């Protein structure tokens, strides 16, 4: 595919400079973008002076505002007022899309009662159960399975090997990366009498007689309800609810290898990064960001707009708007002080030991 | 499906009250359960007064013992002496089961030498290898693969896309959630001469000359041995052993995205929650509970009945019955004291600084 | 399969003792290895005196150097100068290999433009896209999908259900364990105006007005480039790059459930253990070892030969050769001191409280 740099600038809603008729056929890092040839070329992403150092004369580039294309001998340039936003538009423009051929592959096994909207592309060996409803424009990769009665809105993109169980509903533009599991059973078990976990929650850690008991399964009758514009990462797992559905709000993005427990409710426009775990029945507000490897205990509430730094371990409720960090997670600024003091702790300990000696001597003298 | 509330109470071994002939067709949260109609209705789960607030008059509910159905204008009620146990029975009663049609789907590829017990339901595109033995009543979802010589007991339920490699044996009632991998190769490598890891384990952290060396693979000849009543979560991974099998005891439940390394031995009736990792050759006793994101180092032993709180990182052996928490994990009560003291640490440091000043002044005076 | 113990010793480049004509048909732990019969037997792995205690007389064993086979009444023995290295050779010799029949299974869906090298074994329901190039000797298990234009070198071993997206290139001897995803989209999003995360990175934690904003996707045009001799664990996920490829160097081994973010560059001969997460655009040197559950923040650099202990959380760049541990990760010896001091912290706090009292009394007296 190819557009002129002028067309690209208009699509990105950005200013352009130079020969705007040059054809752009892709994007590259500055070191990978050569001079523009007769058929055009790739556009270099040089949105900060440090990235621009390896730009070659005669090429096209996206620059930050305030950078001068003539300093680098460019033929044409686009100015990015907000570089990552320009990246979004640019990468969308040049994405060839996933590897799913149009139409329904003859090997797909689709229940008679299932309905698939117009323009759907269904890959080889896909399995779609009874009463499934899939909106128009769906692209469903190889080896995907979708269980009985599940419903996906328009323009779903389900990558190869993703597992959507029965009783899952999703809004429009759902993206599911390879191997993700939506609607596996919740991890919910009970012992005939009080279990050790229940005991230590009641006693805050102490234990009486330990009994031998087996776990009985609590089945998961609830499904999963997903809003619009949700993305679910590769091999992530979202468990179904027990009685009501596990819920993921519109605009929320979930990274690879994230685990969402049964009955969890997640608000809108959240980001949950890789290897995050949210235990059963917790509730997460809107616009919450959980960085990689964050853990959220069961049955707690995280308010709107909370941001949790990498590997924060959250054991108690967090009020709206708070920025937290650490294990256990506390306010970020408190954590920073704790970390500083902790690094100095061995020194502090020897300082106290010396003080103790001095004071003892003072006492003896006194 | 539908039962009368009287039948349901008997099945749950619980007391009932009111019109016991009312048909129950499902369960819901109190806010989702309307008054019982002519054809019956859903039963509301209101097992604590706070949940009962949104009960509508004229409906059916499960209440905690001591709650009065007439306070809520109910038509009928069941009393739950142990609410979660009632949940287990109730959800089992209303679970329509997974989406796997009876019989063997014509697309399944099953080796001639494989034996599948009576009443098996095998989904589309399932692949079953040579000499596999599967007991009666198995339900195997779409796209599952089971390798050469593996053996599953009666009533196995293997959800779509699960991977069971060769040489895996399991007892009765095995449940494997979507995408789980049982019997991948262990992560075991060796360098020609001492590696950096071996060096720092020997020297406790210091390093001499760093050598460039490649890793040679140690193959995994052992399989995986699984007891009865084991459940393995979505996209969880259980590696095969090197010489002998990796072992999971009867009654143990493993959550989504848990990683069990090669040669690990896990006892009976354990719970391993989401994103737990157990490194190679460690041994875990019976009735051990590892909460979400717990990590267990390689080659250590966790005694019976140990409970490790969320995100505990376990580096050394843990005696039986201990309740632990933290990074590194220590006794829960010790951890609680450490956390309290750590939060006060910045204050402690400035207190010591002031003390130091005071004592210096005292010394000068003296 | 069977070899004589003499042949096996030669293959392992090790010294042997006793009747070297005895046939070896496999390997076992000492307690599982009986006396050698007429048809040979398994060889016991007893590479330390403590493992040798359960050896039965009349059997064959691999011993550490310096152990005397006559002490255990053995018929034959091999001496292992470096036991784990002998394990590598021994397990390779007796590994029956994965469950993939030779030839191309008739159910496989292979694009006309794809090229598969000589001797390839392709399992049932495999899907291979347009312009894929696969070198000679490939073994590809059931339900694997390989996207448009991807290239694998010689002797690839791709276990069942692994997902290789479009635009992935790998060198020779690639091993991918079940369910791994290579080339899922990066987790990269941008808001129209500054987001909360950008704000707190700028302000180091404080926030002004919180805005409601939606996330726009940055598409992933880069692929994944993988060197020779790389292994990728079960259900691990390696995201594709944004503009350039995510890169994994030759000889690097990645364990189960590891997450590698977009644009990450990993050097040669690294080990990344289970549940490790490396966030986007970070750079990891050669021969780096990240133990289980280690986390690496985005956009940082880990030097060559760094070793990070279990569950280390790495927030800042790490110089070459350093051994680190903890949350946040610091030098291992510093961490050890911090942990010791932290365990004593509650005691330190009460010591300071008493000192304070004493000093106050001294002051009053003075």
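A, B and C label the chains in the order they appear, each numbered from 1.
In this section, a contact is a pair of C-beta atoms (placed from the backbone, for glycine too) under 8 Å apart; a residue touches a chain by one contact, two chains touch by 3 or more.
A quick map from chain label to UniProt name: A, B, C = UDP-3-O-acylglucosamine N-acyltransferase.
This one's a predicted model, so the numbers in the text were calculated from it and none came from an experiment.
Homomeric contact subunit B/subunit C is classed as different-residue, with under half of its interface positions used by both copies. For the pair subunit A and subunit B, the CA-based superposition corresponds to a rotation of 120 degrees in steps of 5. Each chain gets a centre from the mean of its Cα atoms; for subunit B and subunit C, those two points are 23 Å apart.
Shared contact sites, meaning residues of subunit A that touch two or more other chains, fall at 107, 125, 143, 161, 179, 235, 257, 275, 293, 327, 342, 345, 348, 352, 355, 359, 362. Interface residues of subunit B, counted against subunit C in their complex, comprise 109, 125, 127, 129-130, 143, 145, 147-148, 161, 163, 165-166, 179, 181, 184-185, 187, 189-190, 192-193, 196-197, 200, 204-207, 210, 212-221, 235-237, 239, 242-244, 257, 259, 261, 275, 277, 279, 293, 295, 297, 313, 315, 327-328, 330, 334, 337-338, 340-342, 344-345, 348, 351-352, 355, 358-359, 362, 365. Against subunit B, the residues of subunit C that register as touching in their complex are 26-29, 32, 45, 82, 84-85, 87-88, 91-92, 94-96, 98-99, 105, 107, 123-125, 141-143, 159-161, 175, 177-179, 229, 231, 233-235, 251, 253, 255-257, 269, 271, 273-275, 286-287, 289, 291-293, 304-305, 307, 310-311, 321, 323, 326-327, 332-333, 336, 339, 342-343, 345-346, 348-349, 352, 355-356, 359, 362-363, 366.
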